[in-house]
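Some structures are shown below for you to check.
Here chain A shows up in two complexes: once beside chain B, once beside chain C.
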Partner chain A sequence: MEMTVFIVLAFLSVVSAVLTILWRDPVWSAFSLVVCLLGQAGLYVTLAANFLAAMQILVYAAAVIVLFVVVVKLLGFPTDSAASHHVKFVPYAGGLVVLLLVGKFTKVLMAGQPGLTSTSATIGDDFGSTATVGDLLVQQFLLPFELISLLLLVAMVGAAVIVRRGFWRETP
Partner chain B sequence: MIGEVPLYYYLLLSFLLFATGMLGMLVRRNVLIMLMAMQLMLGGANLALMAYARFRGDEAGQVMAFFVIVLAAAEGAVGLALVIAVYRHFKTLYIDRFNTLKG
Partner chain C sequence: MSSDLFQLLPLILVAVTGLGVLLTELLPERARSAVPLAWLTAVGLSAGLYVVCSLWAGDAVSPVGAFLSGWVTIDGFTLFVWGTLLVSTMLVALYSHGIEAEQNLVKGEYYGFLSLALVGMMMLVAAANLLVLFLALETLSVSLYALVGMKRGSSRSAEAALKFFLNGGLASALLLYGLVLLWGETGTLELAGLGAVLAGGSGSPLLYLGGTLVLVGFGFKVGVVPFHMWLPDVHEGAPTTVVGLVSGAVAVAVFAALLRLVYQGMLPEVFAGMPFSYADAVVFVAVLTMTVGNLMAMHQQDVKRMLAYAGIAHVGYLLTGLLLVPPLGSGNPGLRFASGSVLFYLVAQGLAMLLAFGVLARLPTGGNDEGGLVRLAGLSRRRPGLAFLLGLALVSLAGFPPTAGFFARFALLRELTVLGNGKLVVLVGIAVANGLLSAYYYLRPVMHMYMQDGAGEGKELSSRTANFALVVLAALILVLGLLPGRLANLAKTASRELTYKHAPNLRSSGPARLAPFANQGAKDR
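And now, the complex of A and B:
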């Protein structure tokens, strides 16, 4: 049963990920990315990470994708199609890199992980729940949590400053 | 709850997602789709973190994945702002056309 769920979600994620980088129209790419991220959220649930699955849907599949779609619609569909064929060797180079990495990765996997069996550790019912992850966030990881909220604030202000008209105007 | 799906299935899937994102980053010339490919790569890395957290029975991995999600949101905001700013200057979204730093 778990295997069936995993295979369905994995298939969904990989196919939509491939579609994301294949569509010509960025709007379709964004929608494929939503499907991929939702599939990943389902996989998080199978990994007993319920809180993270909720975060994935809220932050990624909602906020980030809305941002993407707004920007795509704002800029319009790019008509400058000649530029996409400038570098013909890139697909071959990319394929080669991916093949090499797959070979390396499977070799590492077949060798086995030291100190880590392939079977899962025994966990309690509240593993990955909002309460336990929240406890970790405000106790053990309090400083990184505060720092990352600061980073989020800086990123927000930075984004607002960058898009302001006249920011890039030269001031001699 | 699980136990039936081995760890390396999750790792292989996370690698596939990462490789897809990397390929998109290398092949596509549209900056918006390159940003989306970057989100794919972050998602793949996140899945590996989550799988290790589950199979080691350690929730610290999930906290780390939470930080990655926040970072991805921040990166998306700044990246899209940069795309808008650059589009205003060059009037195109194709990265091959962005051929001057100053101007």
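And now, the complex of A and C:
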């Protein structure tokens, strides 16, 4: 049962991820991305990380995607771009690389690497709950947590500087 | 907890400085222009430097407390690099004085981001955990994207920022994927744990893939040759003072983090059992990097682009330092690296790059930021001081006495020669030949400055603060060239801490796998 759920969700995620980069129309890409992110949220649920799954849906599948679609509609990308005509060899090269990688990984998996054996661990009832995650964030992971807050601040202020009104006016 | 916080104090002081400078933007217009942001930044950073010095003088070797353990390592190596980075960034802040108006930078954010980028650099060097390592690298990169694109109304600055952002994003993605694979295979995010697992176990394809991706990610960030394409463009378009920070301080920080990954995280071990060894890979990439960097630098007409390729060539020389990896199982780990030549080289190259870009930032931009050699013509007559300083920086980069650059390259190549091994003799030969080759393009700007006439299109900027910073840099380069002993000793102590501290990991590792150097331990004593 668990395996079936995993395979369905993994298949959904991978196929929609591939579709995300294959669609010509950015809106379709965005919606494929939604499916991909929802599939990942499902995977989190199977791993008992309920809080993470909820966050995934709230933040990525909802907020970020809405932002994407708004930006795409604001910028108005042409659906049929002329730029893609002279790079016809790219799909073939990409396909070759993917085939090589798949071959290599299959070989690795068939050889049965020691690190790839499945292990099972028992987890407590409150694993992945909001309270546990919160405790971890402000106790064990306090330093990375603070570092992330600094990183987000830098990103926010940096973006604000660059898109400031009048920033792009050419000066003599 | 209190000692924990004291060990983190330099970092906290720098972060507070950066945030405080950002907040000055909220002051009313008149008060805002009265605040000397360059000096404010310098004062904040010197407070950090003071704490670093007292940590060094105190029990720098004491392990970090429970709060920090497993996240950061505050050892002699960290403190040495922290000191270097603090001094470099302080001097960048000082020589930016008066430039922000001319280059149309956003003032408060410019100085604030200098400090915030420094927080990223310092965290990167101290990181003892892959999670912290990645976050620090991102903090640094995001600050730099903003700094590079901060020139208001300049499309070239924007172009540089976009190229930097796309390449940096790709590099971060590769690095992150590699870190995840390493984590998945070893089950630990801590560098010490990773080192123990890697040194103890046999290699596996996934470790190999992960380790290679991490190395490629770092290769992008420091500008190792197949991944160097973005560097010249960023150098050309970014504000010149920011370029000084990128090639004078950021290069030092990222390379120091790479050293920590190699010597503490035992990353070379991922090559165990692979068809080509770690040493082969490093030699190949180092030779490629220094040769391509030098050959490309010869063709550049733009001084900033030329220095970008020169910086790539220097990364090539520095990469040879990764060969001084401890001979495993010899019981005398890191003997050659512990001589500190790599750290000395990093400092010397960083100072020279800072000075070169500091002088270039003083030159008039002539409207569309042309950094051509023509701009330098006749500089010795217009501003003899600036011409002399730029000449000194270039001479140091070229590795001539009596500058720090000469001693640095001499010490590094000496270590490689002593290491023996026929392959390395060839490597040293190639490095020396490359050094001679580089004299051509380093001396070309000097020739333009001293032997050609030119009126120059505008007036060079003048600022007492900036002149002070430039003179300090020049004095450091000369003093380190004439009396290198003091810093060499500090570098030695720092390198020892990085290698010997993790000796238990090495000793338990059984037979040596880095075959070329396996028999060196005994000979060296």
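Note that the second predicted complex is superposed on the first by the 151 of 172 C-alpha atoms of A that agree within 3 Å, B and C clash if a C-alpha of one lies under 4 Å from a C-alpha of the other, contacts with A are read in each partner's own complex, and residues count from 1 in each chain.
Definition applied: a residue touches a chain if its C-beta (ideal position, glycine included) is under 8 Å from a C-beta of that chain, and two chains touch if they have at least 3 such contacts.
Remember, predicted model here, so these are calculated numbers, not experimental data.
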* Structure fact -> Between chain B and chain C, more residues of chain A are touched by B
* To do: Examine A:49 and indicate which partner it touches, taking first as chain B and second as chain C; both and neither are also allowed.
  => first
* With the two complexes superposed on chain A, say which partner A:150 touches: chain B (first), chain C (second), both, or neither. => second
* **Contacts of A:96 with chain B and chain C, given as first, second, both or neither** => neither
* To do: Please work out whether A:142 is in contact with chain B alone, chain C alone, both, or neither, and reply first, second, both or neither.
  => second
* Asked: Does the superposition put A:66 against chain B (first), chain C (second), both, or neither?
  -> neither
* Asked: Looking at the overlay, what does A:8 touch: chain B (first), chain C (second), both, or neither?
  -> neither
* Looking at the overlay, what does A:18 touch: chain B (first), chain C (second), both, or neither? -> first
* Asked: Between chain B (first) and chain C (second), which, if any, makes contact with A:132: first, second, both or neither?
  -> first
* Find the residues of chain A that appear in the contact set with chain B and again in the contact set with chain C. => 113, 116, 144, 148, 151, 155, 158-159, 162, 167-168
* Note which residues of chain C are touching chain A in the complex, please. => 15, 22, 67-68, 71-72, 104, 106, 109, 112-113, 116, 119, 123, 129, 131-132, 135-136, 138-139, 142-143, 145-146, 149-150, 152-155, 158, 161, 184-185, 204-207, 367
* chain A partner contacts - residues on chain B that touch it in the complex -> 1-13, 15-17, 19-24, 26-30, 32-33, 35-37, 39-40, 43, 46-47, 50-57, 59-60, 62-63, 65-67, 69-78, 80-85, 87-89, 92-97
* To do: Over in the complex, which chain A residues touch chain C? Could you list them?
  => 104, 108, 113-116, 142-144, 147-148, 150-151, 154-155, 157-159, 161-162, 164, 167-172
* **Partner chain B, residues of chain A touching it in the complex** => 1-3, 6, 10, 13-14, 17-18, 20-21, 23, 26, 29-30, 33, 36-37, 40, 43-44, 46-49, 51-52, 55-56, 59-60, 63-64, 67-68, 71-72, 74-75, 78, 80, 83-84, 86-87, 90-91, 93-95, 97-98, 101-102, 105-106, 109, 113, 116, 118-123, 127-128, 132-133, 136-137, 140-141, 144, 148, 151-152, 155-156, 158-160, 162-163, 165, 167-168
